[in-house]
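Lettered A, B, C and D in written order, each chain numbered from 1.
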Amino acid sequence: MFRKILIANRGEIALRINRAAHELGVPTVAIFSEPDRTSLHVRHADEAFCVGPGPAARSYLNVANIISAALICGADAIHPGYGFLAENARFAQICIDHDLAFIGPPPATIASMGDKAEARRKMAEAGVPTTPGSEILRSLADARAAAQRIGYPVLLKATAGGGGKGMRVVDGEDDLPSAFATAQAEAEANFRDGRLYLERLVRKPRHIEVQVLGDRFGTIVHLGERDCSIQKPSHQKLIEEAPAPALSEPIREKLHATALAAARAVGYSNAGTLEFLVDGSEIYFMEMNTRIQVEHPITELIYGVDLVKEQIRIAAGEHLGFAQDDMSPHGYAIECRINAEDPANGFAPSAGTLVDVEFPGGPGVRVDTHIVAGSQIPPYYDSLLAKVVAVGRTRANAIARMERALSETRIEGVPTTIEICRDVLRSEAFRAGGVDVEFLPSRFIAARAVV
Amino acid sequence: MFEETVEHRLRPIAAAFAESDLVRIRVADDAAEIELRRAVPNARAVAPGSGGEQTNRTYDVITAEVVGVLHFQRPPVEEGYSLDGDRELAQIEALGIRNPVRSRGAGRVACIYVAEGQPVDYGQPLFAIDRS
Amino acid sequence: MFRKILIANRGEIALRINRAAHELGVPTVAIFSEPDRTSLHVRHADEAFCVGPGPAARSYLNVANIISAALICGADAIHPGYGFLAENARFAQICIDHDLAFIGPPPATIASMGDKAEARRKMAEAGVPTTPGSEILRSLADARAAAQRIGYPVLLKATAGGGGKGMRVVDGEDDLPSAFATAQAEAEANFRDGRLYLERLVRKPRHIEVQVLGDRFGTIVHLGERDCSIQKPSHQKLIEEAPAPALSEPIREKLHATALAAARAVGYSNAGTLEFLVDGSEIYFMEMNTRIQVEHPITELIYGVDLVKEQIRIAAGEHLGFAQDDMSPHGYAIECRINAEDPANGFAPSAGTLVDVEFPGGPGVRVDTHIVAGSQIPPYYDSLLAKVVAVGRTRANAIARMERALSETRIEGVPTTIEICRDVLRSEAFRAGGVDVEFLPSRFIAARAVV
Amino acid sequence: MFEETVEHRLRPIAAAFAESDLVRIRVADDAAEIELRRAVPNARAVAPGSGGEQTNRTYDVITAEVVGVLHFQRPPVEEGYSLDGDRELAQIEALGIRNPVRSRGAGRVACIYVAEGQPVDYGQPLFAIDRS
């Protein structure tokens, strides 16, 4: 096991990693930016280094200061969490070059899954279904031919992309030239890589992902699926649940088997997630996230596994302590993301001071948060304030418990997503289960249209 | 011994801290460890201005810009030493690179907060320079 | 299901019941004493009635005001929680007389299990092993003869007793007359019932109890055992765990089977607990608690069951939703009671204002509490501030998690039991598992003797 | 309407509240609902003493001692009515028993906070009696 782990992150995930390390008896080192100096993630860690001022580019993305801190304090491993440097293959390689274990898959895996076009090609080779699509497009003519072959509507995507940047829906050939130009420019500006490819657009899919865990000795298991179809108009997840409701067993098994085959094909190690679009009985590989996900707690609750501890153990060279047959889910879990965002104003993030903070407790409720009353929410980072997770024996129990938990949650000082989550939980469609990714945007837009 | 530390070392740092936008200052040596904290960051940045209440002096605190290990310039400056201009006082070694720490102008070295070979993090006070 | 439930309690258990009712969609009514007016249990409930001033005798034990509140607000059920009126057969009967369902077993069951001598006789008849003992003693001569037959040391006990009152250890015949006189006087003063009986004293037993749950149609299941051997010198529980560690499978099965037989013999319905002394391979029935226990969460966590919801469902006339074969434990759970008590001063309770309160979060941690920063702890009631519960796949995981959770717990303003719980968790003997009820007192006295 | 409520109903209750050891007072009728809260209970008990700042009057607030349903004595007292001694003003019916509510001495009925048939809980204000 490691001597000391540096946690290269902030917020709730930094606390999450700190907890896993401490439960394994491993001391921790926090890093922080100046506005985060009094944050809970700093107080919980055994040591802490200030690595820069507020803007992430100068602190949480400051590779030199982070690596220097790790070397100075005698850490022998770095956990990147999610976001920031978590899927940066170059950072992973720099860690290794400085004899610091990177708690995640090898840099080559991160790189190949980070390149969307390459990831699609690798998956297609492994027999994993992907949406019909193209290779890298060398020109507009190339794009036109590919779109013709695939059939409109198509999705133009940046191979280096993420977060919806460099992505355009193209309904017909007339729109292609301008879409191609703007997507290329956006990709160039955001990722310094203007390469694009095309995919067929799947209308109103469900977003279902499968958690995998592999050690360095070739053992790979899946830990079931998560339904992440409740997404904001920006396609960011808001509510997740596991197992996926209203999913036929053959499709569920196909998702699990496909995810395992995909992870094996790339020789995956550590925790990873394969994201799929599900359209009726068709499933399509979307992308692989080579890190811990925000929504990992729902899997932990129903499988009784600590994914972050497993990440650390795997990176420390331990064998997976269980086989596929040992793992079966118990009950249902739901996560609501409580963000400092105003749903009535396009989910605009907000900063400020929290004057009052109360979280739920009692049976079947888990809260992961870094905020307390008096916390300052700096304007620089992700707007996630807390993850409220509820587990129950049945999905109806879990929903009732989540409603109860949210009714006990109080955050004053910034607008939050608490009420919109409650609206979703209350809706007939959500209760029936199996809504698609357009559910929240259409409901949301519809609600605003009425006003 | 403790009184001396307070008189000699704490006064300049407290004065500079009051003027700065720092939320925490840690000063440690063999004799004592002192930490000053502010609940809310001061809006004013480190800048020449009114001095401490009792000393009527103006201090600039030179802080670390990178995370690393501090090495004094040879021969090392000492407290009380006068600087006739912008001088390199130390380097912070990080990932094998020595990043210079400069006095940013003339003045008297009022206080040295760090020791040779000490790890420092971003924003950590290194030297107080008396500009008066 | 009920229309509305009045919760005849305060503190964390009032919140616990409120949560269960709300998850079942049933509105709740809180009662409170004047100093509890701003307490969290009042804020969480849908309605609230002040039933009296601070002293419990005039508020939480004020049967007339409680029943009147229930009738006025249209409640059709009362949940008594634990303590206060929970094991008061007369109160249960008054509820029924006013057409209010009492969420617990029938009054006759409460009465017969509340009379310790009668409970022992009933259990002995059902073939449940009890410590060798006497019937009610009519005189000192009676006591002398019984003690002779049983063999010293013996325990002189009040049949109406509880909480150690009216109880005396008698090492030999010389001590019997004075012990008999004082125990009788104490029992008379505390319970208005001076009747005593004798039991053989079991030295250094473990305290292990079994949870049972029965519906009104004769279905009774057990939900495994809890080891409650970490007790204060007053024999009040401080740390509990489930399953019991270092217990042979035959004894574990004997405990379960005996508890089931005992519950069936008295036709038990609702949630109840059979407490046993375990001495090597011998088990002895101690008493039956005809209510929800403080430490019920550890059972909930490993069985995935909501005991308070089950209590409500059973009282509402529903069938148990599961059979014995459906129920198997997963993992290990530990509870630490965080009390406003000073362990360095004989666990003396303390009152005051809490200036700072922080509770742990993240994976595998459950907190049941009614306190927040600024809460006033009135001097009138139980000193329990919070129950911190940790669950893990293995006992070592659960202990590591509990240590982590307690390291995150901060309560400033009153002395607490946090540190003594951490001391216990750190000890070799606890980690090995299977300590007896003298562990904490002897360790505690030993530690003080060194100082 | 609201001003009238404040003038007529709130002043006596506020004065009495200031003198009392209550932590909360709720007053509700068709026109308005008013709640006064105190963060820390006042050490002084309900007692004759200095009146409110503007009225210079002394009020006693008669509160409910039991949880139940309020019934006025027949004929019911009205606001402004003068009491020449300790009088039974109402009963609180609980579990079939009518518990008397008395004026505890002479005075003027300054305010009636409750309506016929209203449920009341322990400590709830029922009547304000002007003792001046």
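By our rule, contacts are C-beta pairs under 8 Å (C-beta built on N, C-alpha and C of every residue); 3 or more make two chains touch, one makes a residue touch a chain.
None of these values were measured; they are calculated from a predicted model.
Participant: If you average the CA atoms of chain A and of chain C, how many Å lie between those two points?
Facilitator: 43
Participant: Rounded to the nearest whole Å, what is the centre-to-centre distance of chain B and chain C, using the mean of the C-alpha atoms as each centre?
Facilitator: Computed from C-alpha means, the inter-chain centre distance equals 59 Å.
Participant: Measure off the straight-line distance from the CA centroid of chain B to the CA centroid of chain D, and report it in whole Å.
Facilitator: Taking the mean C-alpha position of each chain, the two centres sit 66 Å apart.
Participant: Round to the nearest whole Å and give the separation of the Cα centres of chain C and chain D.
Facilitator: Inter-chain centre distance comes to 42 Å.
Participant: Can you list every residue of chain D that touches 2 or more other chains, as numbers and ranges?
Facilitator: Nothing qualifies.
Participant: Where does chain C touch two or more other chains at once, residue-wise?
Facilitator: There are none in chain C.
Participant: What kind of graph do the touching chains make: line, ring, star, complete, other?
Facilitator: line
Participant: Pairs of chains that touch, anyone?
Facilitator: Between chains, contact exists in these pairs: A-B, A-C, C-D.
Participant: What does chain B use to touch chain A in their complex?
Facilitator: 23-24, 41, 66-69, 94-95, 119, 121-124
Participant: Would you mind writing out the residues of chain A in touch with chain C in their complex?
Facilitator: Touch residues, chain A against chain C: 15-16, 19-20, 22-25, 44, 297, 300, 304-306, 308, 330-331, 358-359, 361-369, 372-373, 393, 397, 400-401, 403-404, 407-408.
Participant: Which bits of chain C are touching chain D when the two form their complex?
Facilitator: Of all residues in chain C, those touching chain D are 34-35, 37-38, 49-53, 59, 64-69, 71-73, 98.
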